[in-house]
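Chain IDs A, B, C and D follow the sequence of writing; residue 1 opens each chain.
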Amino acid sequence: MADPLLKIENLSVDYRRHGKRVHAVRDVSLELNEGETLGVVGESGCGKSTLAMAVLRLLPDRDSRIPGGKIFFRSQDLLALDAEPLRRIRGGQIAVIFQDPFSALNPVLTVGDQLEESMEVHGGGRDRAKTLSLLERVRLPDPERIYRAYPHQISGGQRQRACLALAIANRPALLIADEPTTALDVTLQKEILDLLDGLRRDLKMAILFITHNMGLVSQRTDRLAVMYAGEIVERGKTADVMSAPLHPYTAALLRSLPRLHKSAGKLPIIPGQPPDLSAVPGGCPFHPRCPRVFDPCAEHIPALLPHEGRSVSCHLYHSPVAAGR
Amino acid sequence: MPAYFAKRLLFLVPLLVGITLVTFGVMQLAPGKPTDMVTDMNVKASAEAKERLIKLYGLDKPWHVQYWDWLKRFARLDFGRSFRDDRPVLRKIGERLPATLLLNVSSLLLIFLIALPIGILSAVKQDSLWDKSLTVFVFIGFSVPTIWLALLAMITFGLKLGWLPISGLRSLTYDEMSLGAQCLDLARHLALPVLVSAFTGLAGLSRYVRNGLLEVIRQDYIRTARAKGLPENRVILKHALRNTLIPVVTLVGLLLPDLIGGSFIFETIFAYPGMGRLGFDAIMARDYPVIMGVGTIAALLTLVGNFLADVAYAYVDPRIRYQGK
Amino acid sequence: MWSLTLQRFRKNKLALAGSAILALLVLLALLAPVLVAMDPLQQDVVQRLRPPSWSHWMGTDDLGRDVFSRVLFGTRISLVVGIVAVGLALLIGTSAGLVAGFYGGWVDTLFMRLIDVLLCFPAIFLILMVIAFLEPNILNVVVIIGLTSWMGLARLVRGECLSLRERDFMSAARALHLSTPRLLFVHLLPNVASPVLVAATLGVGGAILTESALSFLGLGVQPPTASWGNILAVGKDYIHIAWWLSLFPGLAILVTVLAFNLLGEGLRDVLDPRMD
Amino acid sequence: MSDGKQTLGSTLRRIVFCSTPVALSSLLFLSACRSDSIPQPAASATDAAPATGDAYVEASIADASYLNPLLASDSASGNICSLVYNGLVKYDKDLRLVGDLAESWEVRSGGTEILFHLRPDVRWHDGAPFTADDVRFTYQRLTDPAVKTPYGVDFELIRRVDVPDPHTVRVVYKEPFVPALESWGMGIVPKHIFSAGDFNTHPANRRPIGTGPYKFLEWKTDEKIVLTANPDYFEGRPRLDRYIFRIIPDSSVQFLELRQQSIDSMALTPDQFKAYPEFFRHYNKYRYPAFAYTYLGFNLENPLFRDRRVRRAVALALDRSEIIDGVLLGVGRPATGPFPPTSWAFNPDVADIPFDPVKAKALLATAGWTDTDGDGWLDRGGQKFEFTLMTNQGNKPRELCALILQNHLAKIGIRVQVRILEWSSFLHNYVDKKRFDAVILAWSLSRDPDQYSIWHSSQRKEGQYNFVGYANREVDMLLERGRREFDFEKRRALYHRMHAILAEDLPYIFLYYPDSLPTIHTRFVGPEVAAAGIGWNFREWFVPKSLQKYRYAS
């Protein structure tokens, strides 16, 4: 097989916040092939959204920095790209759909305008019929009305569909979906996800699916990467990870999932808080919360190493000596 | 919403009465009478002549009667006649209004023309040397004593360089000029006052645009605009600026009274025949009808301006425009 | 939070410059009698309208008074007028805003309508009228500037109060049955302090400009007391023969007002919670 | 107040009455003053032949109010009125009353009747003939209670005005009143225009129709007033085509405009007058005493100043040459009494009060004022010698004067507080109510020396002009006789005597007579300083053809 569609190599991202440096993403490597769906899972604040935004360099210039790493898209290093080629990739070959449909659309422009604009800047010109068919494609009722509407005039679900339409407007090869359904209620969630699935198949897109909810990714992704404290702690085929999580954090995430038909019982919650990324604990960052913590955890930082066909960073599977960094 | 505006309109009436009452009240605090200007220390004016004048101006009546008389006339939009030259107050105001409007509208246009780019540049290059220099520049304009700057400009551009006329609205030979020459003559006379007043007024709008833009740039929809591959200048000029400028539209309403009310010091220095001189001279000469007229019209314009600002806001911002539809 | 603010403040060069200038001005104002050998009121008609020299750094005015001494003593007037006037506005504005914002209902309506009425007056018109009709002196100037500039602050405080009222810690405070004044001053006031501080700092600059304009018109601080506006007014009359008489007070006003504005804008940046 | 026109100045500067630079044009035609010994400028165009054309652009601090001589109380309006209208009489270059609209007059019946013979050939600007009816109409308006004129007082002594024929007017007075003749310098207004409509609000108050050398052309509010030469003027067409009155409300800006040669004339301040000669490359400067004086007035009801020795001591303590240097840069002269040196009423034998602080101290000591406690301030019976000196705000010479006085008096141990008050408040709350110790004010004077309302003891009530409370039987008598004495020599003796008494009594300390300081562009030929000032022959001024700046199609 050829090069992967997206290849992230040893990427780190720093934030400046309150005058302190925050290591939001640390030494992350990922690969995503054409047409494949990769889920990135973790609690909020683990750096997964930062990772997603870093791909398209959408992080605020003033407050963030990428001290190291490379992001290859079709063998092109996105981080080294000039403004114009980068712009052509944004919304063209790589599209994004954001978490909050309420704030993601410009309130003073009509939905139609915002869609057409996207096609226009990628050489598609302004084509009302095409825009309307796009709206139909994301199964929006009464596309004519939506076309003319301002964002606040349509419902949240409709807005997210509009965002989806925006994302697929230029038939991207890669869609970054950053918690696309978190802000919506459960019934809408499923509709949007099904729509996303359908579009993926039709358009043969790859999807980088960012979520904190493992339940959402179990059915819809090919592979999974679990992030904790800015690092990937486990990576592998979705089915493998779901059925037999290696890392205690993955296991804890899975336990906290409401199971179908068993939702009445109390869900176990992972004790403690994810760490402040400006002061990550020494050793394994998860050790203060880990149910299976043992001696080396506080001392040594585990490395992400292959184990049984996937990768995991945990002293349970690799001796700390080997993991020395 | 129409009901809301109707209520607002209705509320103007007591407000206006309150304002005129206060103005009238303050005038009653004043020692002396308008007739003093004519009779004080004028050996030719006997005590009887003084009495006669006081009677003729109706100043012998108790103040509440005077106020009631004024109010009755005002209800018929009759502002009375100036004590200084017995001409209708409205005509005196009408004579000076075009000149003041010409000056203020020109300088407002210039302010918009300069302050917008400054504000945008400052925001886009936040904290850069550009931002800092422009900040200092606009604040120098704000902080400089106007007359001082005006005199400096007159000496430099009028006297030393001889580029522009020093003061006045037009040349003495204006009436003999062709239309084109007349326009040029007006422009040359307006140049100094407009430049000076625009420079001193830059700070407000440019800071407003800068801070507003910085606020808007943080919004999700700007990230969306970038993510869909818009060129940066289009992101700023279309998406961000449009949102920033919506409140500015209301500024125009709020500026209405400023457009009409000239600055006294300014108009005096530039020998400019405007409203500021009328108002100030009226105060100094105790020309009650003119004071009441100028004060009331200024207050009225403020009220109308506020009202228009609300209406304009509602019209420009689709979030409000389509509310309840 | 405060150390953090301080840290951010230190990084804001313009705000830092503003506060440095102001510190210097305050120092000059305090030390004015020590710094100048010459009495700002001492006349010497023979020495009138002399250009700057070693004995008169900023030259002399039309009565042979030392302009440097007068500008220096003018610093006191300007700072005092600016700060006291804004202090008065702060007192009225904050109280009105707190009361209106905290009680809401008809109290709020009453205050807001009053503010509407007052805001409809063209401020300078009102100021001129009152000063012209009363006796022009420094006290009247301070009081009238204060009385005509509190409305914005009141609106600001009220707005902040209304939003704070809905926040958790206020309901918690109410649940603890804390008394109203205590609620107002201990819990609300610190929370509205930042925007008010910014507005007040900017307001001082405005007040100084107003004072100098009034004094320029002869409606402010009365001669022989030195005020920048007075000196400038004299300077205007002699602008063709004695540039120093208008240059120095003009620069003094410019620098001082600029310093307050830079500081105010800097504080806005530094204290802005949205920057987090 | 001079020639019935109060010099109002701009409301901004509150020059209000008299003093400070009297606008040049207020001196046009009806002004006084004698040529001074200052170097007269070398005119550059003197040899050229007279020509018509060009315009004369004069700067004014304030806009006019009414272009109607009966209603106008400000100098700006007065200036325009004096060019558009004529009175029955006027002052000539030597300040003698001569006929204007009246060819001649006779004083009859011991002074109770004046018979004016009018010029038969005068026409109003609209072509209607001027007749005696216009004079009677003007008189009726002056005494009409519905007319807002401040000038009624001189005409209230009139019993009736008869018109025996269209060119004769007979004025009958209730009693002989010498200043009456001067009062007929009042501009005569056209009956046929004003008989229709309300006098106060008549459109002709904005577009006057007079008999004068210039006709009204246009008035652009707060910008300019333009007059054009009257080709049919009864004394001959003025040579300058236009008279443009440009309103520039700031004296410094006027001066800038002058340096740019965009105005032809302005009234200079002493500092401008003394400015670098290169500023005046294109201008001639003129200097002559204004018909005014500035004084320090005491509240004579205040025990402090009841003692004449104290008043004299204060006078001795003042270094008037320093005051004149400080306030006027030496462009003025010390005053000795209530008449300016150019007036025939001025008594040249009254000596200047010398500057003698030692004698002042000695005199105060005889009055009981010494520095017993050694604190540097005089005291008597445990009370310090201190008082408040007030003047009105906005008048810089007076403010300066007050500050210098304060300085001088401190040197002999008198502590003075200076208080500068807004004009109306100053007059009504302090002067009228006699709530003052001492004031600095000024009078600008009519050419006739009658000063009854200032010095007569009957004029001490609130709001009247003897606010210092001066009462002297002999002065009262002199004032009363002065108003009835038609014999010039006898009348002059009365006023000389009064001058001497006032200089001795010192109800005021007469500080200085300011100078008028007009400047005029060198292209004008004809300006000449006379007793009447500089504008007396304005009609004859011209610009040689080659130097003309503005051209008008005739």
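The rule is short, and it goes like this: contacts are C-beta pairs under 8 Å (C-beta built on N, C-alpha and C of every residue); 3 or more make two chains touch, one makes a residue touch a chain.
What you see is a predicted model, and the numbers here were worked out from it, not measured in a lab.
S.K.: Could you run down the chains that neighbour chain B and chain D together?
M.R.: C
S.K.: I need the common contact partners of chain C and chain D, sorted by label.
M.R.: B
S.K.: Farthest from chain B by Cα centre, which chain is it? Let me know.
M.R.: A
S.K.: Which two chains meet at the most C-beta pairs?
M.R.: That would be the chain pair B-D.
S.K.: As a quick test, compute the distance in whole Å between the mean CA positions of chain A and chain B.
M.R.: Between these chains, centre-to-centre, one finds 53 Å.
S.K.: Can you compute the centre-to-centre distance for chain B and chain C, using the mean CA position of each chain? Integer Å is fine.
M.R.: 23
S.K.: If you average the Cα atoms of chain A and of chain D to get two centres, how far apart are those centres in Å?
M.R.: Measuring from centre to centre gives 90 Å for this pair.
S.K.: What positions in chain D touch 2 or more of the other chains?
M.R.: Expected reply: 12, 250, 252, 256, 259, 425.
S.K.: Please output the residue numbers of chain B that touch at least 2 other chains, ranges allowed.
M.R.: Those would be 30-31, 151, 155, 218, 280, 284.
S.K.: Out of chain A, which residues touch more than one other chain, so two or more?
M.R.: none
S.K.: Quick one: in the complex, what on chain C touches chain B?
M.R.: Chain C reaches chain B through residues 13-14, 113, 116-117, 119-122, 124-126, 128-130, 132-134, 205, 209, 212-213, 216-217, 232, 236, 239, 246, 250, 253-258, 261-262, 265, 268, 274.
S.K.: Could you pull out which chain B residues touch chain C in their complex?
M.R.: 15, 18-19, 22-23, 26-27, 29-31, 132, 135-136, 139-140, 142-148, 151, 155, 203, 207, 211, 215, 218, 257, 261, 263-265, 279-280, 283-284, 291, 294-295, 298-299, 302-303
S.K.: Residues of chain B touching chain A in their complex?
M.R.: So the residues of chain B in touch with chain A come to 126-127, 218-221, 223-232, 234, 238-239, 242-243, 246, 317-319, 322, 325.
S.K.: Contact residues on chain D for chain C in the complex?
M.R.: 12, 250-252, 255-256, 259, 269, 271-272, 275-276, 279, 322, 325-326, 393-394, 396, 399-400, 403-404, 407, 418-422, 425
S.K.: Provide the residue numbers of chain A that touch chain B in the complex, in ascending order.
M.R.: Touching chain B from chain A are residues 53, 56, 58, 60, 62, 83-84, 87-92, 95-96, 98, 100, 103-109, 117-118, 121-122, 150, 152-153, 163, 166, 169-170.
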